[in-house]
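Report on the following structure.
For reference, chains read A, B, C and D in written order, and residue numbers begin at 1 within each chain.
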């Protein structure tokens, strides 16, 4: 290492570090998600929802404690576990105590482990992990820890709700399960097999397969198999380009039944499906967008659209993250010591802006909430996605889904 | 160049000195001291994390340059050797019962051995030919192993990867590696060891012959060396050091995932090495430092970091194929003549102008990006510590003017700089 | 049986699409010795340009104009970028195209953002051409086959029946001699690069609506195109065609039929371990052909390079 | 005493064209043997067959009595045969000194050694410098070989060829493309550096051939039509006819 470059390094580092001189009366939440690269669309949209929620729900209401304001600090993790850990370190160094992340369960499990280790090794500056989207069940089961809170319904809970609906539909006799070849895809597949076996043993699973994630150029061969198997319904956990590719391909090649999905909305997907998806696409998710649950939700969504006309509220749970965190901080009376905040969060009940109640289950830090089955449609959607005229509308609701489901979580509490 | 010729070659003693490759100690001492004191300058953990990342990238890039720069082999899948070394180490860390007595600081040796093992297997068929065949096999093997990482879950842990706890073993002389700073010194020590070893390797008969085979494989064959085996040994050696980098990654991040193996990672290391300069030993070091700073620090400042990086990279390939190191080494003749100072003022004028122009252009790009992609009503943007309204004309005029003026200065003073450059180097020809 | 026919058609579409990319790439390689890493990026540009044009002028104008723009851009890249880098040797050339691929991807994101574009096939082609045993074959696929075959025939005709083609063929093998004969070889290079990238542009235009128009589309296809021309033999147009179709069919069939490693291993006489869940070989036993369909071409390439380094139809070593 | 190099019924075809059509030749130890012949006679092909660049179609090649069939160039080199090339073939990016030192490595027993520093070996440095002295390139010692003049590069190539200590030296047109004074210089150089070694060379320049060689073979259309001392070959009417005839047509 030459001296000249060392000097350059010195200059560059001091520059960045000094650029983040923290101001005293803000409570910072680090938003660590992809802001560049292929998943940046989702990440940026999530960031906007966070910024909007912090502004509307906390700062405009006078903040927390003695008027402390929330501030969302964005970190680009490029959806890489390694980058996430670097950014986590940067965030911790800036004195940030709350880490929000959601895209990719792989990143989430890297983060939750790193945070667990960090909190064990550095008891003076512990942090909390607010997971708003990573749904791998392991995070609140085998991999759970005291510092991790999940605000989305996990893959098992969603599948529980989804199979309730499928079980109630007698016209479905044959189901085809297809997913991406990685932990989440496998989790969806095994949950589907398990729940269908319990609830409707008569349903035949005519296909259960995994395809390489992000590598399939053309889904036609898969569609052929699905059509050939005469499936009445498809269940898939696919997201992003894989969701779009699969969905368009099966519909194009003659499939006419419902496609039950986790992530077939917003971020360009709703627009790209458009008319084709009408009548087929079903989506399992929390958060009722259409019809609006109440005037407050409608006003909130309108205000969001006014600020971000190209944005979507595709992760309604983000309002719960912000509101519940604010409530917990107020209850704990401190924002710097995260242990009482975590205790306040655990077991907290909360009125969901999007309708119904939610409850942070103490045993595994999994939020229990209403889970809806939405339909992709262009008819009577108050708030469309991607400004496409199409959106998702609640068809069926499972109240407080899986509230008493089992968990293998055994967490050490400080 | 000049003073090399002016050494009187008729005196054997002097010849011996000029020809011998005695390790020039000074730069290494400076590097060692710098590594020692850096954490005292940058005390916060994130700076240390970034420096750790830098050091790991340096080792990896140096290992890669053993292939590209010294052996002339272009690999599109080198990440797998680092990755597999790292994965193997993670398994060792997790197999606490079995390896409980293995001190953590020795772990990189095992990473190196695993990287080397894989390189031996792959190299046995991929190094038979150089050039495109080697490049394509490396790409194919890289893709295969990366794809395996999600299929063979038992070893690679699927897309979540595998993680562990580096504090598994007994404390090593009282150090438990709980803190980043302890890990930093461990990595720094391995950086010094690996860099010295790789430098020394380039001075051995094998290292020399790697250069020979790169330049002219056919001629090398008629010197008694099998080009294939020379390539093979270079490849294996490179795999070893890549494995060390992977092991250090495992220690530092305590997690390994598919991204340690995939072609993106392989592409990045190619980019890093080329940016730094493949022609000089220290080239990859500069490349790794600059790249890590761009990736971790610039990406905090702008979403468009990858765009800028792509431009820098393409510009480097087009205008300075020697990379940053080549650029620095261009100044050695002038420096030897003691005329480097003469270049300072012309440089300041031209490059300063160019820099201002580039910053202005960057400002314009950022403003266009903000205008297109920011939310409606969000007219405020902050650039270079100034907050302004991107929807008014004034900032555009300023940025545009800065760009034009910057490039105009650059253009106007360029002939003077070329002249100064020629003059600073021309004198050397007079003395020869 | 019906399904085999359907899969043959699907594989043909995939293969021909791949061929449109590999044809240009192999021409460029055999003439200039450059493996153009950015080739798939031009394919992506084709799709994006066509999308943008289709918003204003409709799909058909996009089909016509976008490849032209891409070709001109490609020629510009050759003239002002590659030619400059050429003097430094082949490795910097390769690295240049590699950097270009990165830059184009970033540029596309800068201009069009990161989401998938709603680029769709024209209304007139949105119907089912015919059905085989319940499997519908969309008219658009027939259209894709038609376009690719037309391009292949056109290319073959130009290369073997016209004077320009003769010069190009000669320049492939003896660039120096052709230059000595008074032909402007740099211009030919530029032209071939332009045409090659324009072909990639056409592929992008017609593939965009089916495979999606998004910033990652080049990356998804990128390296598979190299694999194709390496398997086919660098510089061989027929090799590119055969390899493209082969890859198209191999991937289609291995996705369409669930061949299981378990069956293969059992046939070979292995017995499945009792405690499969704990066995280190569990992942090997559970592999299915759709899982590995997309890496089969890479396996094929490595094998071919080991045993026949000049590819199926290649005349000289790579 | 076995011949240094012995070719028997050697044939080589490319496709259907037979380039070498049964060459038999025996070159004794310490002999300076030149192979001449008109363009296209197959001289370079013969060279490439002997040095293992191409496999022969038929026949045998023996070096010191050992069959070379199927041996790779590097193995042939280790058996004591070294060659230069028609087109200058050096390591352009390495210094002149490095070029020579690399060619010393194998013969000094370093093989694939990666544990000793080349710079530390006095024997290597002195050996390389001694060869530089011999080929008069001491003054260019630390320049990259690629920047040398053409004649200097040819001299360097000869230096590389002899450095390994091979006892059979094969030179492929060592004076091609040189001016008269340069040619004289190289001829002197070859004479001094190959003392006591077997020299086999292909050459066009008759002055060089008659000045250097003890024995000359004439290769025409893949066959040796005459072998003998320069005087005998010069007097041979078949050579006169075949060689000079085609040579005249050439010009």
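Criterion: a contact is a pair of C-beta atoms (placed from the backbone, for glycine too) under 8 Å apart; a residue touches a chain by one contact, two chains touch by 3 or more.
Note that this is a predicted model, so its numbers are computed, not measured.
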If a chain touches chain B and chain D alike, it appears here: none
Identifier of the chain whose CA centre is least distant from the whole-structure CA centre: B
Greatest separation from chain D - chain, by CA centre: A
Contact-richer chain pair [A-B vs A-C]: A-B
Rounded Å distance, chain C centre to chain D centre (Cα mean): 47
Whole-Å separation of chain centres (CA-atom averages), chain A against chain C: 35
Approximate Å spacing (C-alpha centroids) for the pair chain A, chain D: 73
For chain B, residues contacting two or more additional chains: 147, 151, 304, 306
Residues of chain C engaged with two or more neighbouring chains: 109, 113, 291-292, 294-295
For chain D, residues contacting two or more additional chains: none
Each pair of chains that touches, named by its two labels: A-B, A-C, B-C, B-D
Sites on chain A touched by chain C in the complex: 37-41, 44, 181, 209-212, 214-218, 220-222, 224-225, 227-228, 230, 241, 244-245, 248, 252-254, 267-269, 271-272, 274, 386, 388
Residues of chain C touching chain A in the complex: 3, 6-7, 10, 13-14, 109, 113-118, 128, 131, 133-136, 138, 210-212, 214-216, 220-221, 224, 251-253, 255-256, 258, 288, 290-295
Interfacial residue positions of chain A with respect to chain B in the complex: 1-3, 5-6, 8-10, 12-13, 15-17, 19, 35-37, 40, 48, 75-76, 78, 80-83, 85-86, 89-90, 92-94, 105-106, 109-110, 113-114, 117, 121, 136, 181-183, 212-213, 215, 306-311
Complex contacts: residues of chain B adjacent to chain C: 68, 72, 74, 125, 129, 131-133, 135-137, 139-141, 143-144, 147, 151-155, 263, 267, 270-271, 274, 304, 306-307, 309-311, 313-314, 317-318, 321, 365, 369, 373
Touching residues (chain side chain C, partner chain B) in the complex: 35, 81, 84-85, 88, 90-92, 94-96, 98-100, 102-103, 105-107, 109-110, 113, 223, 226-227, 230, 234, 280-284, 287, 291-292, 294-295, 298-299, 301-302, 305-306, 309, 317-318
